[in-house]
Amino acid sequence: MYFDSLQAALAMEGHGIYVWTVVAVSAVICVGLLVLPARSARRFIAELRVDDVPEARAAPGVRIEEVNNASGS
Amino acid sequence: MSAPYASVNAFLGASLKRQLLLAYRRPVDTINPLLFFLLVVTLFPLGIGPEPAQLAEFAPGILWIVALLASLMAAEGMFRQDYEDGSLEQLLLAPQPLYLASLTYTAAHWLVTGLPLTLLSPLFATMLQLPVAALPVLMLSMLLGTAVLSLVGSIGAALTVSLKRGGMLISLIIVPLYIPVLIFAAGAVRFAAEGFDASPQLLLLAGMLSLAVALAPFAISAGLRISVDAG
Amino acid sequence: MWTWFHKLGSPPWMYRISGRILAVLLPLTVLMLVVGAVWGLLYAPMDFKQGNSFRIIYFHVPASVVALAGYYVMAIAGAVSLVWRMKMAEVAMKCAAPVGAALTFLSLLSGAIWGKPTWGTYWVWDARITSMLILFFLYLGVMALYQAYENKEAAGKACAVLSLVGMVNIPIIYKSVDWWYSLHQPATIKFTEESAMHSSMLQPLLLMILAFYCLFTCALLLNMRSELLRRGAGTGWVRSLAGAG
Amino acid sequence: MSAAQSSASALVSVRGLGLERGGRPLLDGLDLDIAAGDLVLIEGPNGSGKTTLLRSLAGLSRLGLTGNIARHCDELLYLGHRAGIKQLLTPRENLAWACRSQGWDAAAIDSALERVGLSGRADVFCQHLSAGQQRRVNLARLYLSFDAGRENSLWLLDEPFTAIDRDGVAALAATMAEQVARGGAVALTSHQDLPLDTPLRRLVLGGGP
């Protein structure tokens, strides 16, 4: 280890506050990047199980008629 | 071989003529950016003080930032009218390539916003005490730079024209892309004001213009197709 | 080759395979991050010019490098989605944006904190920092454009176009900012002057860069899985997943 | 006639078309050929996808679309809800622009404007015209297209009778019949029946979800 003691490592000769702040922010962002999407996916699956989304609706049908307008309609 | 060229030329001519005619019949779109420019230029001496030396030092940056903002303002409304009245749909259906149509739209837009700004820039520059020796470089940088701004701005306009609240969005999209123009153009004017040779920056601006002319119409066309479809 | 390409476009296949990749990559990423951080913070020697604040480099530089690379990943995914109309590429593009933006934000924040002991102020218009700020705007622009479109298919296409435009511009922006910086502030201390970096400092940095690349990949895959589930709501594979899981 | 043959002579042929808007399926697996001589009336309640289908046929709409649409027409005329009329141009100028690729001539524009009853207002800015008159400026394009007499011409008309009086509707329908008789094709959406006795194909889009 470069530092003599834990105290020295925390203080880093006066620069500790900056370095450790960056470490903390980085940790928060890294963990957030991994946890947030995973949690959102898990929650989505859980919600699905509760109110079981209905099957995708089929498109309504189309009718093609060949008519002579005079006699038809 | 000559027939397609002739028809392309005829299309470019007709399209440019139509856009310019429309701009002529609605002069407020041309006058507004100029008025905006004048207003903001007036604000700077009031904000930072009237000392000529100080103004002269900031003049290149001020002139170019205001030109950028004026161009941004003008870009926002570029396709709005055509989108709302359905002209864009007809443009997409036309047999002529959309690439050319995008280019003529942008060219017309530049002719009624960027070019007047270029022509009037010596006036604004004089108000801000920019040395007379720097005026030719200023005009040249405006000529090249505002054309790049128009091309880049119309990409943003094409992508946001179908959106209800496009105003702030278009700034966010476009301003980062404007930055190289601001840096080199203001740098060129600054160099000229300090008596150095500004031709490298002007050449870089010319290079950016070539790149923008070649590539921007693809993005504009794609943006217009998406916007008409999404609307 | 084509079957592979075809499979890549299939949401259930992608969901399954990404799960398997993550099972390996995620622990590895965490391990590399922890080892790299401990190595850099506690074992690497101190830089004599900047003192211990230099250790911020082990977070700032990897975040910056990967944030920039992330924009290229996003733009290339956008290009693939436009050219081959591949839905999966569009999902990747959409999901890369927030990850890249978060890393850009980390880069900016760590740069600002680093600035205080180095220059005595939290914000200096240094060329790197300024470029990162512009990159941050580029990311925000793509994300805001996506949000603004109600039709998400149109949103995907519009963002693909915008990120491609951004990709063409990034080298120009970086070069122009470099030139601008050299013009206004000739040669002070630069963050990333690694020319004389000792290998005992460089090794943990390289490890951290690798770790951040892996972190980006993991976060991207996790985001994509979440997005795939949402898009696939109502289709068979998501229903069976909900039933089985 | 087999499918392959019919698609060869079709001005636009649709295969396995699926349409979806806002997560709602509108169409699925539609096969449709519009051949020379066809007059197709697309019907259906509001929100059933009439306009979207017409825009897809024109090639304006691609979002949420699956399947294939192949166009083989030499001339495509699409008139949508938005008129494509510039308020600051006169009817004459608008038409000159609209038919620029046909190589317009002044006489054709005059005659088209006369047939829609706008010959007296040819040089007034469109912003001074009523809504119905503006619609008619747009419809004058149909006459111009008809007079140009291009082969394989396809008209796609979205609600062409909106804001048009009874006589106008009759004249318009007659023009469509002529266009069809001459070997062109027309597809239109409308809430009203065509006052015509030409054979008509009806495409009835589904009655809601």
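The letters A, B, C and D name the chains in turn, as written, and every chain counts its residues from 1.
Please note the rule applied: a residue touches a chain if its C-beta (ideal position, glycine included) is under 8 Å from a C-beta of that chain, and two chains touch if they have at least 3 such contacts.
In this text, all values refer to a predicted model and were calculated from it rather than measured experimentally.
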Geometric centre: closest chain by C-alpha means: B
Centroid comparison with subunit A (C-alpha atoms), farthest chain: D
Result of counting contacting C-beta pairs for B-C and B-D, higher pair: B-C
Euclidean distance of C-alpha centroids - subunit B vs subunit D, Å: 37
Geometric centre distance via CA averages, subunit C-subunit B, whole Å: 32
Centroid spacing, where centroids are CA-atom means, of subunit A and subunit D in whole angstrom: 45
Rounded Å distance, subunit C centre to subunit D centre (Cα mean): 49
Contacts with two or more other chains, residues of subunit B listed in rising order: 229-230
Residues of subunit C whose C-beta touches two or more other chains: 150-151, 154
Multi-partner residues of subunit D (each touching 2 or more other chains): 63
Chains touching one another, given as label pairs in label order: A-C, A-D, B-C, B-D, C-D
Complex interface listing, subunit B residues touching subunit C: 155, 159-160, 162-163, 165-166, 169, 172-173, 175-177, 179-180, 183-184, 187, 208, 211, 215, 219, 222-223, 226-227, 229-230
For the subunit C and subunit D complex, residues of the former touching the latter: 150-151, 153-154
Subunit A to subunit D touching residues, read off their complex: 56-70, 72-73
Touching residues (chain side subunit A, partner subunit C) in the complex: 1-3, 9, 12-16, 18-19, 21-23, 25-26, 29-30, 32-34, 37-38, 40-41, 44-45, 48-49, 52-56
Touching residues (chain side subunit D, partner subunit B) in the complex: 58-63, 76, 78, 80-89, 93, 97-98, 100-101, 125
